[in-house]
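Chain IDs A, B and C follow the sequence of writing; residue 1 opens each chain.
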Amino acid sequence: MINKTKLSAVALFLGPSLLIIALFFFMPVIAAFAMSFTDFDIYALGNLDYLRFVAFKNYSTLLSDPLFWTAIKNTFYFVMVGGPLSVAASLAAAVLLNSKFIRFKGVFRLIYFLPVVTTHVAVAIVWRYIYHPRFGLLNYLLGFIGLGPVDWLGDPNWSMPAIILLVVWKNFGYNMVIFIAGLQNIPEELYEAASIEGASAWQQFKHITIPQLAPTTLFISVITMIGYFQLFAEPYVMTQGGPLNSTLSIVLYMYQEGFRWWNIGYSTALAFMLTIIILIGTSIQFKLQKERNG
Amino acid sequence: MSEVILKNVGKVYEGKNRAVQSVNLEINDKEFVLLVGPSGCGKSTTLRMVAGLEEITEGEIYIDGKLVNDIPPKDRDIAMVFQNYALYPHMTVFENMAFGLKLRKFPMEKINERVNEAAKILSIEHLLERKPKQLSGGQRQRVAVGRAIVRKPKVFLFDEPLSNLDAKLRVQMRTELARLHHQLETTVVYVTHDQTEAMTLGNRIVVMKDGIVQQVDSPLNLYNNPVNQFVAGFIGSPAMNFIEGKIVNDDGIKFTSEMNVLQIPLDEKVFSKYVNSKITLGIRPEHFSDEDNALNKIRITLDVVEQMGNEVFAHFAIDGKPIISRLKPKDTFRIGAEVEISLDKNHFYFFESETGSRIV
Amino acid sequence: MAKVKKYLVLALVIFVAVITFLPFLWMVSASFMPTGASNTYPPKLFPEKFDFSHYQVLFSRLNLTRYLLNSIIISLGATFFSLFLNSMGGYAFAKFRFSKKESLFKFLLSSMIIPGQVTMLPVFLLLKNMGLINTYWAIIVPGMASIFGIFLIRQYAFSIPDSMIEAAKMDGATELQIYLKVILPLCKPILVTLGLFTFMGTWNDFLWPLIVMTDSNMYTLPVALANLSSEHVQDTEMLMAGSVITIVPVLIVFLALQKYYIKGIMMGSVKE
């Protein structure tokens, strides 16, 4: 227990960072919320006299906007399929790398991690060519097992799976690192006790690893979900939301409405819809976890 | 001259948690004063108020005649040694000791001179270029002391400086601190929970409990004339034994223990007003005897016997209460042995059971 | 049996590594192929002869030097300021005593759930009013402080014992001196971590620079690359060279300091 710190010191140390956060985060959130009830558009941008309060009109328009529902559907597709796949890939990679058979763990971990730190845009460009229907590496490799060729980015049925595949490849290393830390925190004695009782490797995984990792998995699922709801760079660079809007995500739609057409009111309403969806998604996950824990 | 005066000093935390209550204390120049008491007794808080690390919510503190309540620590001309040493891990020993002087804009030659001088006193000259991580516990302790003495402050404050050391090193550092105080001739305020440390180091000891000063006295006076049951029990090792009972008037004023094992006739003048009130008898372990000529004999059975070589700690029960006695060693002292033992009636202490205050 | 298992695991690990690494390998080798040579069937994994012309063209005709410079200035600037502001804030939240501290911090943490995209339009309009669009500040200023950065420093600063700060006070240091001479040196590992996060995050960011840098001279590498990819969609080898240039600086930084990066992920994943 120390003295209270002098107010001047508190102001000096906290002032700058809190000012920046207030100015560039909290105020904009409030402003965006206000804007979502106006018809703020390119005319109002030039002259604020054109700005009108429209109450919930933006939100009601959104709900009857087929493109919005397409974006919602695509984003949910991406989150619901890509999220679990991503978490599963991370867990699998973590378990693999945690195996006592593997030497040079550091090297493999580094390789697995490389896509994480690589620029989205560069990755998306490279993968656009990997997905090339005629010359692409992926179709070439699939050819060996008698599959394809698939027009990955040109076929509306395959465009989202293509983006999911790319994102899983890019991100699995990140959560893998967290899983490895979680795995290393599981006491070795638990496995020893289980193997003495005759549990097979799979049984050990199911009855020790998975439950012991539950808090880690919850954390990873939540951050992965929040991040995946914000899908943007990959479809922007690879497909511009196409073909036939099959990869139009909420953020991409929001970007187009806001920064291409300057429908600012409409775009901020979209942003708040996204926020609400993320909030609901997060609370559902916490609730599921709680129920599972009884 | 650098005396420290505390006038009605108190500390109240937000809420209404009272940590220290009206402490009055005059610490003389060059005196070595110890604040001692169980954890949570307010001794550290008191020290930290003197240091300026803790706001003084009530009363006044003077250092060298100057009121320091609103003076920040750096301007109080004091230095402090912390329990965990608090050495800066990114600085060498030299830099650690020089840091305070540098901040005070001492010229480099002066800093060198002061640091080397202090290093010599503490025999850590060979460690000056090392980082704290490369030092042993005892060496870190010395550096922490060195950091305090280079500034030649008016007052040294020590906050349980030896409690992180192992037992052997603690005894060694204790001796060195005593020597150092003698050599530096500075006022020292020293906090510890260890009564042995208190007894061996201090000119005067301040015993605290629950934020209240119980007694301020020299080590010997505390031992011989404790003002209450708490001080009597806290000072001395093994601790004083307490036997509860009451005063009865049955053919003269007597103390009888709860189960009537002890019956001690008492001076009527002092004890007549305590008839029928609960009283606790205190007796130190060394005031038992098994010599043949002893009076007041009672028969006891030994529960535990700890042979120390030059003496023996014999444990037994009186009135069902565990008692430790300190006797001259004998081969016949074994667990289960029956011994006739006497209590030295010249060294009885009586306390009011309710308040704990001593009856003189 | 154990041996079979061992080789199976090893094979899997290597297989994943190959899959992970293959796109990088193809990117680098395609960037050295002559124009058109990468669009063949079957795809070639290695160039027949090395052709550096795409790199030359990128730097000479396509202004890549400028974009590289933009990216470097912006990333370093953002890193520098964010280290200062976040470390001051995080330290204050960890060690200062003031009323409402905990509730203020909880409020900040819980607001992290709001996606950053919500703020984009208002921030854009704000920066436009401040006249900062198409300047480096448009990216640096909003990123100077972040709740995550404050959180990271705070977690670390907890491990610094209070007595260290008190010792410095007794030694005569002011609050600012304590921060500069004791706290900052002690926080070095976490500062490296946060710096790395900020640098790489700023370098790799795409959406925000795309919005605030409308003048092509102010493009960062990812924006320039995205732009290039829509203009030169047929020129695969050139785009791969551009991708290599975009990726290499950040990979070098990462490889040099990966230990700190991994540690940061762990700290970020520690729940309150």
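Note that in this section a contact is a pair of C-beta atoms (placed from the backbone, for glycine too) under 8 Å apart; a residue touches a chain by one contact, two chains touch by 3 or more.
What you see is a predicted model; the values in this text were computed from it and never measured.
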{"item": "Furthest chain, CA centroid comparison against subunit C", "value": "B"}
{"item": "B-C compared against A-C, more contacting pairs", "value": "A-C"}
{"item": "Distance-to-centre winner among chains (Cα means, whole assembly as reference)", "value": "C"}
{"item": "Distance from subunit B to subunit A - Cα centre to Cα centre, in angstrom", "value": "61"}
{"item": "Centroid distance [mean C-alpha coordinates] between subunit C and subunit B, Å", "value": "56"}
{"item": "Geometric centre distance via CA averages, subunit C-subunit A, whole Å", "value": "17"}
{"item": "Multi-partner residues of subunit C (at least 2 other chains)", "value": "166"}
{"item": "Subunit A, residues touching no fewer than two other chains", "value": "2-4"}
{"item": "Residues of subunit B touching at least two other chains", "value": "53"}
{"item": "Interface residues, subunit C side, partner subunit A - complex", "value": "5-6, 9-10, 12-13, 16-17, 19-24, 26-27, 30, 38-43, 84-86, 88-89, 91-93, 96-99, 108, 111, 113-126, 141-142, 144-147, 149-150, 162, 166, 175-176, 179, 200, 203-204, 206-207, 211, 221-223, 225-226, 229, 236, 239-240, 242-243, 246-247, 250-251, 254-255, 258, 261-262, 265-266, 269, 271"}
{"item": "Subunit B-facing residues of subunit C, complex", "value": "161, 163-164, 166-173, 177, 181-182, 185-186, 188"}
{"item": "Subunit C contact footprint on subunit B (complex, rising order)", "value": "51-53, 72-74, 78-80, 82-84, 86-90, 99-100, 103-104, 147, 151"}
{"item": "Contact footprint of subunit C on subunit A as seen in their complex", "value": "2-7, 9-10, 12-14, 16-18, 20-21, 23-29, 31-32, 35, 45, 93, 96-97, 99, 101-102, 108, 110-115, 117-123, 125-130, 132, 134-137, 140, 169, 173-174, 177-178, 181, 215-216, 219-220, 223, 226, 229-230, 232-233, 236-237, 251, 254-255, 258-259, 264, 267-268, 271-272, 274-275, 278-279, 282"}
